[in-house]
Amino acid sequence: MKVVASAKKLAVPAILLVGCALSCSVSNSNLVDRYVELVVMYVGINFILTLSLNLVNGYMGEFSVGHAVFMAIGAYTSAIITVKVFSLSLGPWIFPLAVLTGGMASALAGLLVAIPSFKIRGDYLAIVTLAFNMIVKSIIENVDFLGGPRGYLGIAKLTSLVWVFFFSFMALWVIRNFVYSNYGRGVVSIREDETAAIIMGVDTKKVKIMTFMLSSFFAGVAGALYAHLLQFISPKSFDILKSTEILIMVYLGGIGSIAGSVLGASVYTVLLELLRPLGIWRMVIMPLVLVFLMIFRPKGITGLREFKWFIPSAEKKIKLFKHKV
Amino acid sequence: MDLLKITGLTHYFGGLRAISDFELTVNSGEIYGIIGPNGSGKTTLFNLITAVYRATSGSILFKGTEITTMSSDRINALGIARTFQNIRVFNGLSVLDNVRVAQFNKFQYNILEALFNLKSFKKDEALVTERAWELLKSFNLDHRAYDLAGTLPYGLRRYLEIVRALATEPSLVLLDEPAAGMNQVEISKMIETVKDIRNKYGVAVLVIEHQMSLIMGICEKLKVLDFGVTIAGGLPKDVRKDAKVLEAYLGSEVMD
Amino acid sequence: MKNKLNRILMLAMAVSLVLISTAGCSKKDSSVKAEADVIKIGVIAELTGEIPAVGASCKNAAEMAVKTLNDSGGLEVGGKKMKIKIQIEDNAGRAEQAASSAQKLITQEKVVAIIGPNSSGGAIPTSEITETAKIPMITPWSTNPKTTIDTRLGKPKRYAFRACYLDSFQGQVLALFAKNTLHAKKAAILFDSSSEVLKGQAEVFKNTFEKNGGSVSAYETYTQGDRNFSAQLTNIKNSTPDVIFLPSYYSDVPLEVQQAHRLGITTPFLGSDAWASSELLKLCGKDCDGYYFSSHYSASSKSPDTIKFVKDYEALYKNTPDDVAALTFDAFGIVFEAIKAAGSAESEAIRNAISKIKGYHGVTGNISFTGETGDPVKGVVILEIKNGAFNWYTDVNP
Amino acid sequence: MRLGLSYLIQQFLNILQLGSLYALIAIGYTMVYGVLSLINFAHGDVFMLGAFIFFLAALWLKLPFIPALIVTVCVTVCVGVLIERLAYRPLRNAPKMSAVITALGVGVFLENFTLALSPYPQHIPEIVKNRAWVMGQVTVSSIQTIIIAISVTLMVILDFLVRKTRFGMALRAISWDISAVPLMGIPVNRIISQTFALGAALGGAAGVMYSLAYPVIDPYMGIMIGWKAFISAVVGGIGNVRGAMTGGFILGTVEIAVTMFLPSTYRDIVAFTLLFVLLIFRPHGIFGTARSVKL
């Protein structure tokens, strides 16, 4: 028994270490096609985005439609740090710090949505998030320091497969811990019945702040990875179309499920690349696939279930979260 | 000391007076009943105590603290828990999680400890889970602990609500029609449960009920409301004989 | 239940992995086999997304350029005739898709050069990838100075070229044209502030115009997708300018001009290369008559190359070629010329040959590269809209 | 900037024109939301289809204005009903958000399908002779007049339909409680189809008038205006027809007023910040009310 327990304790760092080593050797050797590697990195970034939005839209049952705004804040903050604040030679070492700072800046911005959410709910909160997305995009367009609509340039290519793996894994692990803690139960209780939750002692304001901040933190992390992968960001990269793309990945995969986010992000990203030979018809077929998937699997691919590895061992026996609506 | 002391409580819905000049004192460990015809303002009273509504005037003191302007979760942290007339368990959470989430105020760990799965987090989680199991066992709900609350039958959901309320470690529980829709056998089981709440957990109970058998079986004191006005109060045997009460109930329900 | 989900997850992951790798491998095999007598060039175009018309023109011109060459027997490389094959990828007008298209073209299709993307938002990330992979790329239409410059090092990128002139040059030419030829003292500007290109043009115009003694009486903006300009135009009307500089995409121009006329504005408009599409004539009707704009080329040019290009294009696509089409055609011309000069279809040799091109007679005028930067030396054409046609007015060379 | 009376009148006319178009499209959102609690994101693209069908009717069939308008409205009604049948009805009992995502998918499909057939923007021929009447410094155009007149007429008719007819009563009953309605003998499916038909008709009509005012049409024209109409519907209180009309005019006013007084670069920042603030003070829009919860 003891051996099993200590093995379990080591599982998380072990997976992290092996994964990092593996992704490091893959990107340094020529084993994997650069294109495949790039697509895998897109999948990772999209997974972080999807999972972080899932926290708000799936677990908490709100409808945030402006998730790209947090990505933008993380991307711009981290880019400024690696370009303006620290010299180029320090870049690679400062990178994880820049990513985390980007995430924190974005988490602070998450407060701006969390506080209205105390009073505003449902479709009205959706409009608040939409408005926030438009406001920030418009501000970036008007600030010359950020390059305006021309975009922010001179970003070094610091995102590698290793970092994408590392941050995807951290997002998965941290959000899993959150979801299966009492904060996470509080989040679901807000979705199920906010009035009852607050009467039963759930500090709903605190839970909402935590959820929005955690969600926007990881969106910011994804934004930072995105910026240092493409080496170019502009307000257009974070417009309402990007937000709807993330939204589609969340509902395609399945709400309130970490496995759903893994599947939603991978299926969407890979399909978009696989359909390339269709040329202009790719973007006609893609939404059709989505509509058919929704009709035949209205609850997303995972349909509210969870992959058992993602559930902490103490919680395994519990039947899974099911959705009211 | 008085546990709950309500003085001059008045509440308006628009122009309609739902509760007027209400007075109530509940002592520790007491079982107090509130009866009255439909629409007499009983549930409104509970909603005022738990801050779902804000009182137009008057004061509510709990353990000597003014709670009239407090938020619902703070009031709960002070020691008031309740159940609802139309059951409101968290259908999408498991039975166990329903009981665990109600211990929100009991958690010592902070957000970072939770996010990084640290020792203090695991210790607290284990403690809270154990307490949840104990409660579930003593109310015979443990065999359904892993099921979603939404899949429980009506009667069990009523008990789950009571367990959830007790999980917040209250000193006063407000029960809103706990025996609604129950038959005589089930009612007598509920009577035992309510007595248990007081005797085993030392919690005072304020109960609203239409089922006179339950009220008369357990309440030490009674208050009768009609159209928001207190028309009688005192010991159950005195209230039963009160002329005004008989008049208010005439035709609507036969007492006992 | 849970087991089923595990299986679904595993299956999905396995399937997608297999699909990606087989897609990659099969492509690799075919390209290895075909490599002997075919040169592969990649095209990244905005077929969907916000500027699909640009992508459509780019695709048309690319297909025509390659077809013309292959029909004439192919390209002479080191004494051997070789055919050209193009692979067109859609970037949906988004940066990340431009990057993945470029990476796919390079690693899976093994192209020797890339033409495109046209928008700077796509061209900049693409140029970063081609720079690493050492594959030359020519963007037909991205006028952003940063496309060919490595901002971090402050040096020109080695493998990034463009077929068009720079915005700064165009803005200066237009400001001087307004001041000297149109004799304007007060100018109003209305532009799409969400477009990096148009905002740049407006800024350069404003600076140059003010430096040369003019004044800007109104500086109004709108955002992509706006259709109602009445508020801005009313402001402009009240500032009584002599000329209105309108760096707007051709699809917006007719709306702006017609709404201005409806509001009783009679001040002449002056446009930039964003006007240059034959669609403008159809869309604008008589409303745009008498206005001037700058362009990369003139379809009514008397140069025999241009006449042939316009005739061929019209025969194929029933449409007058716009400047994106002309620039794409020239980008292909430059690559073909470079392959011929280098006598090799190696990327590095092509890159070196492109940087040495002098006085290439393109559809859009004479194009030379200095060898130092990827920006060509070429002139601006000023066109006048008259009787429903674009007429050549003057050439301004650097 | 001179703020003469004529300037204000001119801008007021601009507000009326823009606002009535927003209002017409917003009604489509709000009615569908009322019966199904579904944000019909494909509505902006039905509006776009309206403009394209009008273009085809005018160019190919060479129809004059009124017949072309009628043909367009008929076709968009069919499209609207078809979308409901094929894409939304199978999801009637699914989670609400799945239907919303389906709507997004249908919208993207309509956009890119149109794009694949016509990558270049199209120009609407001058089907209505445009005249401009100059009164002092104010210019009134015939197209402006037509747009405002038709929109207002349509809105009055719709308001009458919702408030006074059996259909309207059924509509309001469904939006109150869809599960109780079949018990009262109301054919739910038929009413929902009719609602979609009506919404699509207004969207199509708005597309026609939009392309009169702004005669360059492209497949993506519905995205931005769709979002803005959705915002109008929410500002007015979603589910409320009069609220949607008011919301449309409010959004039009804010957009134009901001451009009047501030550099237009800041229009979006100011307009959306106002929206943000409005929702903080009126969390359910202007006409919306919180559904009270019974404990």
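The letters A, B, C and D name the chains in turn, as written, and every chain counts its residues from 1.
Here, contacts are C-beta pairs under 8 Å (C-beta built on N, C-alpha and C of every residue); 3 or more make two chains touch, one makes a residue touch a chain.
Computed from a predicted model, the values in this text were never measured in an experiment.
Student: From the Cα centroids, identify the chain that ends up most central relative to all protein Cα atoms.
Tutor: A
Student: By mean C-alpha coordinates, which chain is most distant from chain D?
Tutor: Farthest from chain D by mean C-alpha position: B.
Student: Express in whole angstrom the distance between the two chain centres, defined as the mean CA positions of chain A and chain C.
Tutor: 34
Student: Quick one: chain B and chain C, Cα centre-to-centre, how many Å?
Tutor: 71
Student: Could you tell me the distance, in whole angstrom, between the mean C-alpha positions of chain B and chain D?
Tutor: 49
Student: Need the CA-centroid distance for the pair chain C / chain D, whole Å please.
Tutor: 35
Student: Which parts of chain D, given as residue numbers and ranges, touch two or more other chains?
Tutor: Expected reply: 112, 115, 119, 223, 265, 268, 295.
Student: Residues of chain B that contact two or more other chains, please.
Tutor: Residue numbers touching two or more other chains: 52, 84, 88.
Student: Where does chain C touch two or more other chains at once, residue-wise?
Tutor: Correct list: 47-48, 193, 223.
Student: Show me the residue ranges of chain D that touch chain A in the complex, using the header's touch definition.
Tutor: Interface residues on chain D, with respect to chain A: 33, 39, 87, 90-91, 94-102, 104-109, 112-113, 115-116, 119, 223, 227, 230-231, 234-235, 238, 265-266, 268-269, 272-273, 275-276, 279-280, 283-285, 293, 295.
Student: Residues of chain A touching chain B in their complex?
Tutor: Those residues of chain A that touch chain B are 12, 173-174, 177-178, 181-183, 185-186, 188-189, 191-193, 195-204, 210, 214, 312, 314, 317-319, 321-324.
Student: Tell me, which parts of chain D touch chain C in their complex?
Tutor: It comes out as residues 1-2, 7, 10-11, 14, 17-18, 112, 115, 119-121, 123, 126, 130, 132, 134, 139, 141, 143-144, 210, 213-216, 218-221, 223-225, 255-256, 259-260, 263-265, 267-268.
Student: For chain C, which residues are in contact with chain A within the complex?
Tutor: Contacts found on chain C: 1-2, 5-6, 8-9, 12-13, 16, 19-21, 23-24, 47-48, 88-90, 92, 94-97, 99-101, 103-104, 106-108, 120-121, 124-125, 128, 132-133, 144, 146, 151-152, 193-196, 199-200, 223.
Student: If we count contacts the way the header does, which residues on chain C are in touch with chain D in the complex?
Tutor: 47-48, 50, 52-53, 55-56, 193, 219-228, 230-232, 234-235, 238, 251-252, 254-255, 258-259, 261-264, 279, 282-285, 319
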